Structures are given as C-alpha cells and as structure tokens.
C-alpha cells in the first residue's frame, strides 16, 4: 500500500460506493455528486443491478449518467482510488477483507469501529472474522484522529449517535465522573426498510426510548471520552422527524477539564459553538452544533445536534476522504449549507 | 331473525368485536368503552389470544377488564346482541356466512358493500363465496339508508373514502355530469402493518397519489351518486399525517340539483355544514364537515373532511348499531368531541 | 364558606369557566362537555362576548347551546358551585380575590401555586397583590394533596411541566442528591397566540431548549421533591408536535428511597407504571405514564409523559373538582381514552 | 442599458440582495453561496444593519464573511452586475424605479408580474406607481420566456403557485375549456413572520383552503395558459409541512392540444416528467416534477410539485440570472440535489 500513498494523486479521484441503495449510500451519492474532485466510478448493488440511480431513488432522476452495477468488489477496488462501503455490519467485514490492500477503504458499517473482538461480540452478537484487520483500521472521527486518517488504508466511519456524543464529551476527556445522556433521533436512522418502529402512525407525534444502556454505539463513546462503562447512562430515543439527532448530556466532572470547551474546537471546519443548539439548524449539512453551559451544582450541561445522514454518516465519510487525499477538508461539504426552514 | 328484532331489547347490549387487533378494531374499542348502553362481551383475535387489550395496545393500559380471546365466531354470535367484524376482506365474508342468523352483524370489511359479484371480482380480484348474502346486506351509510339499517341483520359499513365522497355528492345525486375528486388520507388508513408506503421517512413531508381511477372505493361512490363510471375521476393520495381524510370535489352539474345543499343535511347529527372545511376540526370525532360553494363556470366546489377511523369506520359502525337497536343516534358518539389542537 | 361545603351537594354541579377562549379554557370545555355530573353555567370571555363556542373554536360547532358571555366574575361566582379560571397569570390573581368566598375556585393560572411572594416575584417579576390568599390556596396535585383539596375553597392547578416532574420525583422525595431533567413539550403549551417560537416553519422538524434552569415551574418541582434549588437542572425544550410532554430524569440518590417506586402509585386512577413510556400513548387522556429503571452507577432513570392540556391542565383541574365535590375521581375523565394512533 | 449588456461580462458576477432577512432572501443566500460564478457584494436590510447573516439566521453561522448592511439601493445597484429584490410588494416597486437603468434587476415581489395596472389594482388593492416600467419588465418563467429574459433589464420572478400551475398547463395553452386546480402549500410560503395561519398547533395535522378563486397568483396563470378568468377554479390550501407545493389539475380540453405533453419539456434542465409526482422528491432542489395522464371522460389529470422557496422563488431567480448573463442554466442549481428523505 505505501506506493499508492506516496505517488502524487491525480484528480479527480475515482470513487466508488459498494451498496448504494440504502439511505447511507444514497446520501453518499448526494454528497459526492457535487464534490469537485470526485469522479464516480462504480455504484454497486446486488439487488438493483442495471438500474440507474433514478430508478431506485426517483428524487435523483435528472442525474442520468449514474448506473448501478453488480461489479465484484475486487474489480471495483482495483479501478478506484477510494471505495466507500455502505453495507450492513457483518456483510461489510468480509468485503473489507476481500479488497484490503487494493484500494483505500472507508467503511460506514460498524465492523471496524471497535478495537477488540470481545467488545464486538458483546454488542453485535457475532465473532469477528478478521481480527487482524481491526488493528489496521483507523477510527474516522476527523476531529480526534486527523493525522492517522491521513495515512490510513482503512477508515471505520463512526456511528451517528457515537460521533455526536464523542464531540460533546471530548473536551472533558478523562475528567468525567459521570455522563448522563438523552438522545433523540429521526426515523432515517433506522434505514430504508419499513419496520414497526418506523410505521408512520406509530412514529408521528411520538417519543420513545429504546436500548437504554445497551445501544451498540456505547463502546465508541466511552473509549473516546475515557469513561468507565458504568459512568455513562445513554438513553437513545426515537423522535417524530426524519433527519437529525439532538442530544442532551449532563456531565459530572471529576476534576477540572484540561481544555476550555468554548475554544476547544476552534478552527474545526464543521463544529460550531452556538448559544442555543437547534436541530433544524444543521439539517442537510455537515455541521455539528454544540453548546456548553454551567449547570447547577458543578454539572455541565452540553447539547449537540447533527444530521445523522451527513455528519453522522456520509458527510463525515467524505470529510475523511478529503483528509486521506490531502484535499481541503471543506471541499464538497461546506457547500451543503443547512436547508432551513 | 325476526323474533330477535321484535322482542324488546334489554340494555346494555352485549356487543362483541371479532378481530380486535388492527386499527379499526382498536378504534371500535375506544368508541364502545364509553358507550353507555354497551357491555363488551368478547374481543377476539387469533394471534393474541389471552392477552389483555392493554398488552396489544399499550395506550389502553388502565382499562383492565378487557381480555382478548380466540372464541369461535358462532359462540361469540350466540352470546351477543350484535357483532362487529373488523377483519380483512376475504376473511370477513366467510365469518359473516358462519354467523348470519345467529346475531346482528356489522361488517367493517369491504365484502358486503357491493351489490354484485362481478364488480366485487373486478375490484377485489376474488370470487365472492356468498352471493346469496349480498342481497341481504344493507349498505351502512346512515344518512342514506337509515330505515333499512333499522331492521338489518347484516350491515356493510362503508369505506372511508367512499363515505366521504358520497356525503359530498349526494345532494346532487343523478344531476352530475362529471365529478373530479382529489382526496388525501392519513397513514392510519393503511392499517397497522408497516409497509413501504407508511415508512416514516417516506411518508413524512410528502404527498403522493396512488390507484388513480382504480381505487376499490369507487364503485360505492358512483352507485350512490348516480354517476356513470367514466363521469368520475377519483385521485386518492397519501398525506403526511396520521388520521383523517380531506377531499376536494369539482362537480360539473348536468341539470339543477333537486336539493339545496346548504340545508340538505339539516337535522343530521354528524354532518356539519361549515364555511371552511379544516381537517383538524374533525379529528377524533364522528363529525363529517362539508362546504359547498359556487365555482367559476357553473362548477360546484365541494370540500369535506372526516376522521377515517371514526366516521370513516368505527364511529359510523356504532352509529349503525344505535340505529339498529333504536337508540338515539348520538349515543356514545357525540361525546367524542374533536381533539383540537 | 363552610356552609357551602357542609350542605349536601345537588347534582349536576353548576360549573363555569372564566376565560374560555385560550387552549386551556377550550380543553376544559371538551372535558366538561361529557362529564355526567356537570351543568355548564357560564363560559365567559371579554373579547368574544355573544359568540357561541363554535364561533371561536369551529371544531366545536354542533355543540350548540354553549354561548359565551361577558358576565362579571361575581355574578358568575354566585350562580356557580365551582368556577374554573383559565386566565393569564396576573389577571387571575385579582379575579380570584374578587370572588373568593362566593364559590369554590380552581385557578389554572400560576398565581396561587407558590407559597411565598418572594419566590413569586423572582419567577414572575410581579408583586403579588393578595398574599393573604396564598396561604388559603391548596396546590392541586391530586396525588399528593387529595385530602386538602377535598375541603379547599381555592385550588391552584399545577403547571404542566411541574406536575409531570413532581410525579416522577415524588417517590424519591427528600432522598435525592441531584436530579437532571430534560423535558420536551408540544406547541400547544405556548398557548393560542401566534409567536416566533410557534411559527410552523420554525417549530416543525426542530428541537430547541429555552429557559434552562430559569423556567417558572421550577419552584413547584423543588418544593414537592424536597430538593435544594441547585440540586436540580431543568432543561425545558420545544418539540415538533402539538400536544404532550415527554420528560427524562436522571436521579442521583442521596440515600435509599422510602418508597418502592413500582408500587408507589398503586390505586392512583391516572398514573400508569409502564415498561416503556411513549408520548403518543397518553394524548387526549388524563393519564400520566411513568417508568423507573436502575441506571448505571446508582443513578435512577425515570421517564414520564402526559398530555399538557389534559393531565397538565384541564383534566387535572376536573380531577380536582371531582375530589372537591365527593365524586369518583375518574368521573368524566376515564372516558377520555387516549386517541391513538 | 445596452452598453452594460454588450460588453463582455467579467466573472465572477457582483451580485447583491436587497431585503435579505425574509425566507426568500435567505434562500437566495443559500443558492448563491455555492454558485461558482457569483461574488456576493451586498446583502441589505433596514432592520438588521451590521449584523452578519449568521446573527439573523443562526443555521448560517460558519459562513462568516457575509455582513448585512443598510446600503442605499442606488449604491448597491451601481456596484452590482445584478440585484435581487426580496422585498414585499408595494415596497419593491419604488426600489425598482430607483435603480432601474443602474443595474440589471430580478424582482421577486409581485409588483412587476402583471401587464396592466387595472389587474394589479384588482388583486393587490393598490395603484401601481410606475406603470411605465411594467412594459419593460419580462416575466421570469424561464421555460416560456428564455429569449426575452436574456436581454432583460428587469425580470419579474413568478409567484410560486403561479409558476407551478403554468408549467402544468402550458403544453395545453389555448386549448383548455376548463381547468380545476387544487393546490397545497407548505408553511414557509407564508413567510418569516408568525401569524394565526402558521401557528404550529393550527397548522400541524391540518389542511384548509383559503382565497378560493381570489388568490393573487391567478392572473399570472390565466394569462399564460390562455384561459378566460371563469374557466379556472383555483383552490389554494395550506398543508402540514414546511416546504413545497403539490398541485392537482383536472383539465377539460376544448380541442386537441398542439403539443405532446410527454415530450414538451424535453431538454428543459429542471422539468422532470415522472410517473408519479411525490412532493418529497423535489424538496431543496430547483426541480419541478410533472405527470400527465388521461382521466375518464376526456379529462386530463395533471400533477406537479416544486419547492416553493427554490423553483418557486430563489432557484428560479438564479436560473433567470444565469440566462441573463449567458451562463449554463444549471450552474449553481443542479448541484442542489433534492434532500431526501
């Protein structure tokens, strides 16, 4: 792999998406369509071979040249400078193994996010087939691992809840006695397949929590924040809207934080410190809005919001791509301004 | 059956629901729970035997005595003064045949709404198994067939779109040259099972038409309005809300209508002639709101709204029950005032 | 006043509402309309004199006899067994003083909820004009003050956020080291007047917090829960729905609670202990749903939901009325089953 | 003016917006921010002088250089290649007169859309102050007036309802006996100021028509379609969503249409002929989706959808700018792909 990285990268990048028909793959298409340094090489799907992207996602009619194929992953990899995997976990881990070394990979599944196979098994109920690759994967939170991402061959894109929680807690890393988090997500987070939990009559005008203290994104959060497992209460909830996550954290500090949270993210292109976090202010964009304030009794009140499909998935993945290929981080992302109202 | 009808009816009525777990059965429970002359005898379901109603529909926890059984329909019928069937079409028609003569029946499925088996086959794709019962079924639109309903043994409750369209067109019956109707319905109309069309991300913030000029409720509409099949354009659409139907009709008259539409429904307990129809004004109630105005060029502009689960299903069924048993028609229904805002 | 209370109360009660045109007054009408022991005597409004209720609230057309007058409060009081005040705070306190002693009063404003004038001034920015009446007012949380309410001449109905928070915390009263609460409310909580915060484009698809640790309902909460002011963080937020409040509390206990939270509310007609709180399950009803679970690290995770206009306002007020007049507490309230979906 | 047009235009264009704080001005900023050939010169507002755009519209924090001034219109005009006016009607007409001849103008108000002052007075209730400029204004529907727009000094951007209706009817121009249209719009169409009609509790879960056959966009529609005033019924309605218009037309033809509606818009960059129009498929984009089908009885069923703030306002205005300056029409617009789900 080193060879690939050392040579001067020709632009535009040849970029492919394996598994393009879910909401994550779809959002990758939306983001990459307007990226100035990207040539979309392959969009693949097993189910929808020989369709155009407009056949599967009618709102994308009018972007005609985008044809879906069932090209095998190795061919895709050989012809691409970078490949995004928008596959379900378990499926993704084997495809990564098949193409590792042939191209640079950004995996949007959960398969390479965790360090050890035991935690993976605990949360996902599966044995990991490729533990040797876990050590090679870089966790793709740009704000924490920019340097490692630069040279990575395999980037594991963070979970949507996980990234937001980490961004909220990171200025206090290793100084937190306890964090109590309530999070509320839109229905697009559940993916493209209909289910009881996303049945419109059930979801509309409703709020309901699920998987309290059992959500799969928890190990990502505690690792970054330097929390013991039982120092976190994490209450994920479903909300009556399509896109976005709003999160409320009450932090009990153990000692003074090493950083000033107000200035901690200064210079970060997609983190906005705001007076009042409002979910609608980030929809459609790669921004993550954060606010910190002193609560009563030494507690710190932290709020955050991001679009789960953009900064929580496809946008973050493209931000990682930009870092990997030495592009300005905002490229193809800052132009996606929030669609408000 | 005559014997049953002639004897003086003891109150409260023993009332049962066969098929209580869908949204229609559920709404019947809500309405019957507060009906002063009703004793709920059986609530049956094949799938959920031995649950309470609160197990299946958690919002009904606290109404404890309601247990679901899998009692066979004939036993249910023998022990009940009236039985509501809230089953899918095709299933319903055989159950009706099994219990016809044992009790009085209000069928909320489509199976006994149409007069002839050919039309039934055309719209539902099935041979009707019990054509002999079709002639005995009374179409349960209280505003048009009150007298026949009084003595009916089998009432076929109208379709939700169908009832609203009929109420809008009926003052102009047999005088309409053409009716062009656009209708928009909430997601609860699609029932309790999740589907692609009711997936929250798809339904939220969306409007989309389906089955244009092919919807199954069309034959009910044209029969009542005295329309030739090709004098109606009916455009059903899905809207981004849970309950209710809003309907817009443009009527081209063939000759002056025999009735004054403003006073036509005077005295009807659940028809309100209003200046401006607003969907939210009927939600949760058995009201149907209507407005008539003169359009340009002799056209008549008619708008209407009802709650598809109440006046479009369970409420109308209970109104029919009230008529069948000589109760005041408002009983147990007028108390369900619209829940606004 | 004692005379009034000792005599045997004739039914139906003569009941009046002063200030009937806001959402609270409106919801009182909806609840009282179907209350079997109530005769509505006066509905008053300064602005809408001589309208019917259907003129102001078109969804109530068809409930014709209800005429709005501008009858003076003293006449209203003299002719009524009980008077509900659905007026803004500040206005309400003087009307209460005008009619105190002439009838029994249930005040839905904030004016008589707090014990002392200093706290009132701190949170509402006003001097209280009638401190002598504060001592006579009973705080109308039925679950905590049932006996006092029975004999009260003046009941101060709780704030919507406040009642829910109190119900969630009360089983742990005086044993709480800290409570961190995130609450999210529907737009009807802001009342009937349009404002920037309830402009549909702003509110739809949005979540935003406001008045963190400054909300006016805070003193009600800390008093009942036995909390020091700085042991509570209270984060009220606006949500993209019309009715209801969903609330999440993280409780840090100081010592073992004196009560078993699972059984604490046993026998309470409107408190339901549920496995999973879902906002949609209480809408339109007087239920408050609660769940308690052990979190990590000794924390207790409490969730609750109620309809802000019913259990959070009009329903609770009628529950208080039932208690005051020796009626079954469920009367006219249990029939309002949740409207779901 | 000819001089300005003849010289070779230097890129980027200096572009200004007068009146930047409403939803239309705001959306112009969103579109222009990513337009590759645009330099934003002035954003002006009387009320918000010296704010940044992020102060007024917090979702635009992070696009820092955009400062709002109260620069006088003539200075703005002199320094700009093109000026967008996003002002209320009546205000706009005088500002246009002030700067006419100093720059090229795209007016998003209604003031220069109509040909004659009598119709203007009839629909807007005002005398037009500058009738001499009416003749010079070009109606900015790109699909109908492309050539005239190219050389225009003053373009009157169409109304949102009006443009959609015209696009739906235009293939049948001068062959329509009657058109009956039902239209439903999101709340952003009402602008940024809170009002009773956009109060969230009123708008959520509601549909209600208004200004039937009186809407101000009607004269634009009938002129383009070649309809007599009383051959159109136009029923505008408010829907429970923020962005977008969905429109249903029933067309009664007088004679065969001169064009094939399926191919009529071939080559148009922003018109998509689709099988099924779905509102959600156009949100955030400059697309207008259309479907035509044969109804019963010679009727033609036409459906259409667009985003009222993009194709119905800011996007169309930028499309006009592209035409006026010889740019590819898609520039800065096709990159705004629909944000779905």
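By letter and in written order, the chains are A, B, C and D; residue numbering begins at 1 in each of them.
Heads up, the rule we're going with is that contacts are C-beta pairs under 8 Å (C-beta built on N, C-alpha and C of every residue); 3 or more make two chains touch, one makes a residue touch a chain.
Note that the structure is a prediction, hence the values are computed from the model and not measured.
Common partners of chain B and chain C, by the touch rule above, are A, D. Taking the CA centroid of chain A as reference, the farthest chain centroid is that of B. Each chain gets one centre point, the mean of its Cα atoms, and the points for chain C and chain D are 46 Å apart.
Between chain A and chain D the centroid-to-centroid distance comes to 36 Å (mean Cα coordinates, whole Å). As a whole-number value, the distance joining the C-alpha centres of chain A and chain C reads 42 Å. Shared interface positions of chain B, i.e. residues touching 2 or more other chains, are given as 23, 188, 201, 204-205, 241-243, 276, 278, 280, 283, 341. Note for the complex: chain C touches chain D at residues 23, 186-188, 192-196, 198-201, 203-205, 241-242. Residue ranges of chain A in contact with chain D, taken from their complex: 23, 26, 30, 33-34, 57-63, 188, 205, 242-243, 270, 272, 274, 276, 278, 280-285, 287, 334-335, 337-341. Interface residues of chain B, counted against chain D in their complex, comprise 178, 180, 182, 184, 201-202, 204-210, 212-213, 229-233, 235, 237, 239-244, 246, 248, 250, 276-280, 283, 293, 295-297, 299, 301, 303, 305, 341.
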